[in-house]
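Scrolling down, you'll hit the structures one after another.
Next, two complexes with chain A in common: one pairs it with chain B, the other with chain C.
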Partner chain A sequence: MVDQAAGQRNAQPSTSARNAVVIGGNRIPFARSGGAYAYSSNQDMLTAAFDGLVARFGLQGERIGEVAAGAVLKHSRDFNLTREAVLGSALAADTPAYDVQQACATGLETVIGLANKIKLGQIESAIAGGVDSASDAPIAVSEGLRRILLDLSRAKTTPQKLSVLSRLRPKDLAPNAPTTGEPRTGLSMGEHQAITTSQWKITREAQDELAFNSHHNLAGAYERGFFSDLVTPYRGVTKDANLRADTSLEKLAKLKPVFGKSLGDGATMTAGNSTPLTDGAAAVLLGSEDYARRNTLPMLANVVDAEAAAVDFVHGAEGLLMAPVYAMPRMLARNGLTFDDFDFFEIHEAFAGTVLSSLAAWENEDFCRNKLGLDGALGTVDRSKLNVNGSSLAAGHPFAATGGRIVAALAKALAEKGSGRGLISVCAAGGQGVVAILEAREQ
Partner chain B sequence: MTDNYLNLVNSGPAGNLAKRLGLPRPAVLRRHSPGAPLVPGPLLVLGSSAAADTLATLLLEWNQDVRRHARPGERLGAIVVVLESVTDPGQLAAPILELGQALRQLARGGRIVTVSRPAVGCTNPAEAAARQGIDGIVRSIGRELRAGATANGILLGSDAPVQAASGALRFLLSGKSAFVDGQFITVSATEPAEAQNEDRPLTGQTAVVTGAARGIGAEIAAVLSRDGATVVVVDVPAAGEQLAKVANRVGGTALQLDITADDATTRILDHVQHRHGSLDLLVHNAGITRDKLLANMDAARWESVLAVNLASQLRVNEALLASDVFAGSGRIVCLASTSGIAGNRGQSNYAASKAGVIGMVRSTGLALEGSGRTINAVAPGFIETEMTAKMPFATREVARRLSSLQQGGLPGDVAETIAFLASPAAAGINGEVLRVCGQSLVGA
Partner chain C sequence: MSEVVLDSVPSLPSLYRSALIGSVPLPRMGRRTKGAGTADLPAVRHSVSGIKASVGELTRFQQLIGAPVHDLLPSGFVHTIAFPVAMSVMARKDFPLPLLGMIHLRNSVEHRRAIHFSEILDVSAWAENLRQHHAGTQVDLVTEVTAQGEVAWIGRSTYLAKGARITGTPTESKEGREPFVAPPLTAIWDLPGSAGRSYAAVSGDYNPIHLNALTAKALGMRRTIAHGMYLASRMVQEGTPAGVESFAWTIDFRSPVLLPARVSIAIEPHDEAGVWHSSIITGWNARKGREHFTGSVTRLPVRPFR
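Coming up: the complex of A and B.
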């Protein structure tokens, strides 16, 4: 793993490119799977997120440079999901769009890709985003039935058709429900994380405390109106439905473990300190400084840099959700920064154990030397700066929408503070992870 | 909410039956549509003063077909009666009886507009009597007219020349005033400014409309946008979904905020300054009802209504008038209500807030005199909205038929009046309370 760091030493932050700025964001409140958005499609929700953004910034009928978004759970008919959502929105019909999919990092990756295009001068404005519906998930026919149906369509004569149909067996009629399991290990994400959580000896109490803080911080942010220009209600939902403002450490402590049960007493991951399946959509408006000035739009923060990483979780070399741990030192080194240079840390709470395992890894001298190729521990994240406006444990986690939620909220927090930097870390299925840096605008 | 009865009596056989039975026969009102003529026929100008000649000339300049005497059998689009120089009640007889003779010739959706001077402040008793007499005449004609015709008056303040009436006259003659009936508008000496673009008089202006997510507020945003304004629509975050739809429909921006919050004014002014430079028009439309008989009224119901409907307007106005972001020719239009004029059972809190708005507008109007800025109130009567659709059937039917026009108004009727008060043509109108009620008996 040492070569992971070494291999990237040549990468340098670009100094010649112009700035890409976060202008603002919009998302719909996130709802638990099977809840208020049970009958909303990905396209419905993404369109709503775009329309709220258009309304906030007066973009009606405007041709945006490019729109990129995606979904993790996607119907095959949604091959052009983002373009279809643009066509259904109040944006100009001649706004180009493309789909991105990088599991839970989809939303963040759309921001990075589009910000890079802006930095290069290829486009002036962009909308990044993502959506996911665990309620309206695609259900596929079995592999056996699929083959029979395809062969049937190719059969010409009646005897041929009958012959194909005769292959049909009752078991072929059972549909394939969607799963969040890893294709190569068969383990669910939660089971993977349970192994990592246990390896890093993360306690149940620490996980519950992180979950409690997430709810507490998100409720506080709503209370002070922080989301009034970040969220537009949808289908009568005005706040994230998963938010439990009145939760307590006692209540969280009562929940039974749901992942890692084979660990016996070592099972610590509950429904309280793991994210639920969630429906929702988010969008972020990006632009060049020139575009923002010309249209008298706000400039909340600069998109500074980003880095992706992947780990070999299949052969057990690393935990499934630990890739951001590897991406982080590479990005920090390239920018000459340490954790001390940041005022906000947005570490996506797939599971409380994910966040705490990452923090523990960065604080561990041996791990940082042996696995990250550093001279010592990467550093300690100041917990008072972590997910200060709540994160996925409280808000919920509609996979591809999480990146947009984080980028818009962090940019606003930086604009409110008026200075400083923010760090984003998002883990993703397939042993991947993406990290990014936002920076407050000069006042 | 559809007025099924109105549709029924305007569809052949049922109309004849209603006529024979002496039932109310509300007309389909003549409302504004782009490109439609100002009035549905020639204009008759009555009155023998030089001012009457001046006004007749003005109407000719608007390319209207003007008569100084009615021609037998000719359908008239409107009759303008110029009475600005009457000094004695005896002088009313001739012009008013001539008006009476011409009334039968008034077309459907026709207009009667008087131009006179206010009795208030007049020191000569006979002159004041004559002037006040016109008030009784106009309100009576309003009750006599049928087929969607209306009667209103313009009062020329202190030394205002008759030309000062032109902005209000155009509005009262047009389909935009369809539900304004039996009302008087006082205009000051300020010469109404000519709009650069008659069809889009608010071009280049920025307007803020509160409570814009639905009903009257959404319609106000639409009409202001049609007239050329860039509209910032404001409503509480919980109404954000509808608000976004309104913003996208009118090509404006949506600002989710609670108007009673401490930072509401700051956020509105910051948004307008940053996005649009300055604010030309603020429409205080946000309002709530929490009805209860006073004997059953609790503090929460009382305070929430007063906070949203009145205290927020006071606070926002204070900050606005002290701010450079509010244009030198800025306009404020506040939503009052006929409940604030006549009172309403179960609405002591609401009536207090709406009557309070009227008091605030008159007081602020005095302070703004001569400043170039104006403030006015619009007091809607029964308007067909989601709110009135929830009224019990019988109460709603009675409320509808209780006006001279025998029907409820539409949100657009309120919006048109607000757009007029925001337009350059209304520069001389300040501190006024204009009712949009179809001459409802309530509060008359």
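Coming up: the complex of A and C.
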């Protein structure tokens, strides 16, 4: 843990590979769990996101190089979720697809993996994406009943079967619903973040302000039509249902803490500065420059580089959602860049406390020396460049769909500006995190 | 010290049954202490050789404590295999303290090397260190597990017989315990009301205080309580980094975990020269601010492979 950077320091960005470009994106508006998409499955929503992308870029009947997507809360029957969504979409039936699962980093990881295939010349075009439904969540039979049913299927004779069935107890009939708890700690993600938030002494006011800015920025982006070519209405929803354009710091200040209540006065995380459970899907179209030119498609940004990291939160060495903090300096060093070289920062707002703890860590000299193995503080993120078109606190966070939402919106922002670079940081369950760099196309 | 060689590992339920019959009304204890003034531990070790773990029992144990289902024995599982031999020492007619109602105070174990489930184990156990405690009398049960001619695991379990008085042994004064300050939380264990029955099923430890409220009440507990060895097994599992196969651990039980329970857990690792050296693990009840246990796991030097 002393010097995580050391093992990776020799990695160099490839100079010989060709560019992979973001052509565009499409998502359905995100809805709160139990809302408008309560009866839509992951497959339904992912297919809707794909079909919107197909319509936007004229991909009907086209064979795409490869499609990758995933979901975090996934039914076991959905083992081939992405391929099934492709088959249900207007894409050509001979488009191959695979599933990815890296918790909340799923969507970003699909972009990175597919962009790398494009850079290597293995494919010309790709669709990356993700979907999640907290409403249509899988519910499993209890561990006891599951074992009994499996043993029953292996029993050959009637006496054997009866003996297996005799193990059945009333409590075995209670189902298992998924939780947001970490399997190894039993703590929910919010409880984990509450510990980190308190360790970094992040105030309630700072968290509420970040949440306020998220709603304000997302509302502003909708108002000026920023999402008109990124979002396709679904089930009557035209805007992210969680967006509260009229929220105020006073309203946010009134909410009671929901996480870290055992911290007493240190409890600062509310439903306002934490993301709600959300349903939604997002997709991103990627391609080689050649593919985009041949099909007269736009090129919004290049996918430059990415880095993943993980931390040991199980044994208390680091906070659950702090892994991107470790990934960031490794990726910046490899590319010879600092925070000053970026025009946009997309730091996923799992909780306001996550964003603010990350910023505080990068600004802290001791932490950067001792934990990141740097010579001093990594640097300060210019707040006026942070999540300028809103982020998860306002839009909501359908886990695997968030990466696609961010990549498409950042690529568009870079294309609008016509120059510069954007930085993405996404934390994920299991103590993981992924960061990435996009850059504007030269005009 | 003489040696009594047993044919096989005694079954705990039958030990408890005979203890129940023998201990109503409570102790042999009273007679001994009042009369003789001095009580001695039997100078005997009980031994069983040729023990082999059952893969099915190992799997169920591993699954219950959240350990990976691999081929090496969890430290707590070695205890469940071996400890009935120590119990048989406590169940002897000449053992000066009552078996039932004894309070489990502490464990300290050296898990000197990884033990594969297929290894043939020899177990030897004895009692030592009978001494006074401010609330009664305590004793250590030592259990030694030998594999391929060397001691692979050695455990010391400390028990308290509440209210039992022995003269002639040094008195341990009541230490002023510092008020409990909760360390930074790293996990929560949600233990259902059935946690005692579940652990009894994988360990064979059907002590009535773990099974249901009535039997627990009969033995002076308000509700059923979690097995100390269940807490210890999970503590060792979660507090030891994967791949560390040679380690020592201790656990001190401060207050019983009444079931069902929500136990707050803190794992505080300590590195030396960038490598894991040890962890302190604490379990407590956050609502009542009461500590349940505190323990440690420490890396042991790796023994040369023979």
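Methods note: the second predicted complex is superposed on the first by the 442 of 443 C-alpha atoms of A that agree within 3 Å, B and C clash if a C-alpha of one lies under 4 Å from a C-alpha of the other, contacts with A are read in each partner's own complex, and residues count from 1 in each chain.
To be clear about the criterion, a residue touches a chain if its C-beta (ideal position, glycine included) is under 8 Å from a C-beta of that chain, and two chains touch if they have at least 3 such contacts.
Because the structure is a prediction, the values reported are computed rather than measured.
Peer 1: With both structures lined up on chain A, is it a clash or a fit for chain B and chain C?
Peer 2: fit
Peer 1: Which partner chains sit in contact with A:S262 here, chain B, chain C, both or neither? Use first/second/both/neither.
Peer 2: second
Peer 1: Quick one: classify A:G58 as touching chain B (first), chain C (second), both or neither.
Peer 2: Only chain B is touched by A:G58; chain C is not.
Peer 1: Is A:I195 touching anything from chain B or chain C once the two structures are fitted on A? First, second, both or neither.
Peer 2: second
Peer 1: Mind checking the angle chain B, chain A, chain C on Cα centres after superposing, to the nearest 10 degrees?
Peer 2: Value: 150 degrees, nearest 10.
Peer 1: Classify the contacts of A:G225 with the two partner chains as first (chain B alone), second (chain C alone), both, or neither.
Peer 2: A:G225 sits against chain B, while chain C stays out of touch.
Peer 1: I'd like to know which partner A:V314 touches here: chain B for first, chain C for second, both or neither.
Peer 2: second
Peer 1: As a test of reading the superposition: which chain, chain B or chain C, is in touch with more residues of chain A?
Peer 2: Here the partner covering more residues of chain A is B.
Peer 1: For A:K171, using the defined touch cut-off, is the partner it touches chain B, chain C, both, or neither? Pick first, second, both or neither.
Peer 2: second
Peer 1: Would you sort A:T185 into first (chain B), second (chain C), both or neither based on which partner it touches?
Peer 2: second
Peer 1: Where does A:T238 make contact in the superposed view: on chain B (first), on chain C (second), on both, or on neither?
Peer 2: In the superposition, A:T238 contacts chain B only.
Peer 1: Chain B and chain C, closest CA-CA distance after overlay, in Å?
Peer 2: Superposed on chain A, the two chains' closest C-alpha atoms are separated by 45 Å.
Peer 1: Mind listing the chain A positions that touch chain B in their complex?
Peer 2: Answer in residue numbers: 48, 51-52, 54-58, 60-61, 90, 225, 227-229, 231-236, 238, 296-298.
Peer 1: For chain B, which residues are in contact with chain A within the complex?
Peer 2: Those in contact with chain A are residues 230, 237-241, 243-245, 247-248, 251-257, 261, 274-277.
Peer 1: Would you mind writing out the residues of chain A in touch with chain C in their complex?
Peer 2: Chain A residues touching chain C: 1-3, 171, 184-187, 191, 195, 199, 262, 312-317.
Peer 1: In their complex, what parts of chain C are in touch with chain A?
Peer 2: Listed in rising order, the residues of chain C that touch chain A are 66, 184-190, 194, 238-239, 241, 264-269, 271, 274, 279, 286.
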